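When the chains are written out, they are named A, B, C, D and E in that same order, and each has its own residue count from 1.
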């Protein structure tokens, strides 16, 4: 996640972070080179003039607008829903912590650390990273073997939290109605995990990307022939400008479509998980918290 | 469901899976042939010149954009809502399993296998396939006769789960308040089933498809006459390109509009049902799980 | 509701059901006749040439796209929300039936038939049809006088169900917590009824229809003058094609805007109510169910 | 709220109600007059020809489409959300009434009239009208002083309902779990009131209206110069037609943006409040109901 | 938040508040100056004619419409969701206050002031302002040390409210089921806080702003060359008009994208927090309320 530096309108034209320019540079150079070739050969291919105007391109524009617009908003919806699900991890985690403190008189430390471990386990599962350092740090040692070699260690943590709740209830130290209420917060954590899994493991229908990609590239490859007669030597510049806008939409959609990755515009799962852990500990009155995540080069990962 | 292989921008132009090209090839060839005919006969029909320019086509573009854009997003909304409902089957199934374990001291095995059977029965109902192998594998034999010849066997499984809950409650082995909470998870499964039935049995108003189809085909059949004077021999190429984008949107919308089918871009119900079953069993501590579904040729069904 | 026959791309051009063509034929003929007149008189009106090009029409296209696009999606949203509310009638009805069976040991027959009667009463209220045959079939005779001459008989049925629940609770045959849970399902039925009433009795702001209608007709009536100089004798054909797409969007929006009607694209309330009744009875183990509604000529009402 | 008379396509062109024409007539006349002036002076201003074509206008069309489309759908969303909130007042009111009847054995009359008074108080607050006639009609006299000089009398009624519920519970005449359930319906009424307040007191960001207004007017004032060379004497007609569509979108958005007003397309709060009151009384078995609101000149207020 | 003065159509063209004109004036002047230069030098750069027409600009229009439209609606969604969350602070605060009064017989003053303090703490956190004056005014002195140096003081207030609820329940002065219900309102406040934090700390993906900004500026800088041949001396005027609409959309989106700021179109957090406090106190019967916030120069902050 790029933390916006809010430059003024002039410096915004030259900002480096988040410009995607480097990423789509190869394609832009290819398009630029082809356009120059078209200008040099006066739009002839094998000594035969390619008669083309801009008209068919504006007709294709209808389909292109639908595809690009759809791809862009569908990808952003995935991104923002993913963010909401992480917000739910935060709020339901805080709800569970508050309820454990106010519904029981048990020592909340282990339970609340279990909540934090659940969040870290979710993060590691979504990013395919190693959860063990965080789990060992936060969970009681006797629980760890149960988590080994699991497909979803987070679920085992949730089961363990539910069992602690059961033990407390069976010992008569929490009213059943309040236990049911607390269980609902655990259910909310499960729902958030399930939502993240849905987004992570079900991509946009792949055919969208294929058709959009082909349409954009065929469009940009033929555009020089269509503009040559109208704007002459300016063709390479304008074609590259058009291509820049289309490629940029496509590349950005591609990036935020999978919001749990580690590319610049993806969600800062690391920073969010640490923030949730700190918020949960602070609720217990703790003052010695993990430091706030600081953006490195305007970037939180 | 096509599991995205993430090729680079160049190979993406030639990827085979998910391109829909084969599917719309006949129509494209017809359009291409007609365009060539138009070029050969100089846009004359029965020795009479068809005077047409691109202007009316850009006016029709307004209606076309509305229809194509609407059809595309309405179809995708159905697809994504279907996916959310299957996510709800997963999360509410996991909630019910967690609650059964932490609210009662009963042996959870039969109950949790019943939850998995409910998911499989839902899948078979939506795809009109034979549920019996899965039901026999997961349910106690004495339950099976009750399911025979039912319109919705899944509902009978849900009733059976509710009756087990009733028996446990009447035997005093679960607090009523916790039984009510668990019943809510069963209600969530019922809601997910009902949502899937809604999508499966209520198509988009058929008239949308008819009008869009006609508009697109009349448009593409007349387009060669409209472009001939402007772009000459390039007409067949550009008309086919325009037709490709329109036909592709239409074909893709048609495919994901019924997300429970078995076409390449439909939801991978088989894989999801097995994943849910494995997740439920793993929650009980089981380590001998059904293997993770592997995409065959980038394709999960 | 037209049950989609899924013809191939060629036969789809000539399908009869759901084409709306007959419905908008008069207007199309008027437009066609006017266009022919314009061609014959060379675009002159009272011996004075109407100088018009396509340019202003593409400028009006902006407003037209907004109106048509908005009207279309707002109407579809009403249609689909109505369908969701009927899905809620199904799922909350099934929830209530399951809960009655698993929360009490009462004979469920009368209660569940009451749920079915509620659904039928809702349908008859929305369509202004006579509810009595269905009510007499499903409800105990002593209840009927209470329903006579009511504005919303469905609410009286709901009150009666709530009273049965009260009697059962006061007799100690259902735990209060479970009674509260069941009452929530009754509340869900009430919410679904209220949602249907909202859609049925609050139309889209009428002004939308008026402005859109006028814009579309003025546009189509003046279009022949705008196209004549560019496409000559093809004018009548293209103007009628443009008009077809606009009129079709308008006519279809008009139809699904009131989704509880009995036009071809409206919701199949009859079929849905019978399906819900069958599902509720099947949950009780009944095997002698009302037959599945069969589409007549691809059409469910 | 205009109750749609559903005229046929021809009479719809000349319908009076809901046409907004009178409202935007002054602006249209100004535009028409200016266009005629432009035609008369051959597009010259101070003897200097204004060289303008339609090209820049179609470029501005992009921004215009975004602004008009956004303004229109944001306003309609406010309108429809407001309608949903009034639907919530109806359904939660009915839920509370049903629960009061089936959860307690108290005389429901005063409580249910209190619910109706809450709805009327909400209506009067949103429209800044005098609530006293309705409150005196529906509430017990001893409650009235408590409501005098309050910013939100509706909230005092809600508190009074909650206190009656408390008294009943403390007297042991309602189970706490059922009281909690009923309190949730009161919470729903509070949420609906809060939602209405949100829409009523937070307008769309005012800047949208300003920018849109300026863009539309500058556009329409300069359009005659842009069309003159292409369409000559038809300029005034076409410019006025373009202006009509834009002004109409703007005026309609302006009207439904504040859905609680008393303009023709606003919500019929009076009719809805009376309908809710009648529905609540009918639930108690009452047959002597306030008459159904009848549209006056197709108009409900 | 600008409180709309509803001027008539003529005065709306010259309104000062909310016009953004001053803010984008520098950029507009730069564009205007460049356009004049282009006119003076007849579109030549270094004695070489820049051959450009409007065609490529209308092709770029597709991408521009997608970007501007998306940026605008995504920003407004953030703004309106933020407003809804503040509505939730109001309604859940009122729910909690009503429940405290009707579920317990405790003195509600301290509890309800705690709710108001929570809202003020949320506001100060979102705006990075000093919460202490408000906290000292509303909270008991012994609570204050616990809030010092906290990252989220609001959460500590919520914990304190939950502990008061716990103490009341343990003293047997509130039924557990009602305590669970009240805790849900506290959970709603936590959810609203979490939602606000999500919007405040996760900006729109920064790359959107960068790409849109570049596209808009390159577009406007090259537009004079594209229009010169068609509209001659009118170029500077029309280019500036086009630039005005684009810059205005961008500037407005930028402003409401962060709805918790203090710019003119941002949410009036101060006014809303005071309104919520007054509403809560009025529910207790208080008549000596903080005065209603009055807009200063049509502006609430």
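Quick notes on this structure:
To be clear about the criterion, a residue touches a chain if its C-beta (ideal position, glycine included) is under 8 Å from a C-beta of that chain, and two chains touch if they have at least 3 such contacts.
All of these numbers come straight from a predicted model, not from anything done at the bench.
The rotation that brings the Cα trace of subunit B onto that of subunit C spans 70°, given to the nearest 5.
Separation between the centroids of subunit B and subunit D, computed from CA atoms only, is 38 Å.
Computed from the mean C-alpha positions, the centre of subunit C lies at a distance of 23 Å from the centre of subunit D.
Subunit D has residues 58, 64-65, 69, 177, 180 in contact with two or more other chains.
Chain contact topology: the protein chains form a single closed ring, every chain touching exactly two others.
Following the touch contacts around the ring from subunit D toward subunit E yields the chain order D, E, A, B, C. By the touch criterion given at the top, residues 1-4, 9, 12-13, 15, 17-20, 54, 57-58, 61, 64-65, 68-69, 72-73, 76, 79, 83-84, 87, 90-91, 94-95, 98-99, 101-103, 175, 177-178, 180-181, 185, 223, 227, 230-234, 238-239, 241-242, 244-246, 248-249, 252, 255-256, 264-265, 267, 278-279, 282-283, 285, 287, 289, 292 of subunit C touch subunit B in their complex.
Of all residues in subunit E, those touching subunit A in their complex are 26-27, 50-53, 55-56, 58-60, 62-67, 69-70, 74, 146, 149-152, 155-156, 158-159, 162-163, 165-166, 176-177, 179-180, 183-184, 186-187, 190-191, 193-195, 197-198, 202-203, 205-211, 213-215, 217-218, 222, 225.
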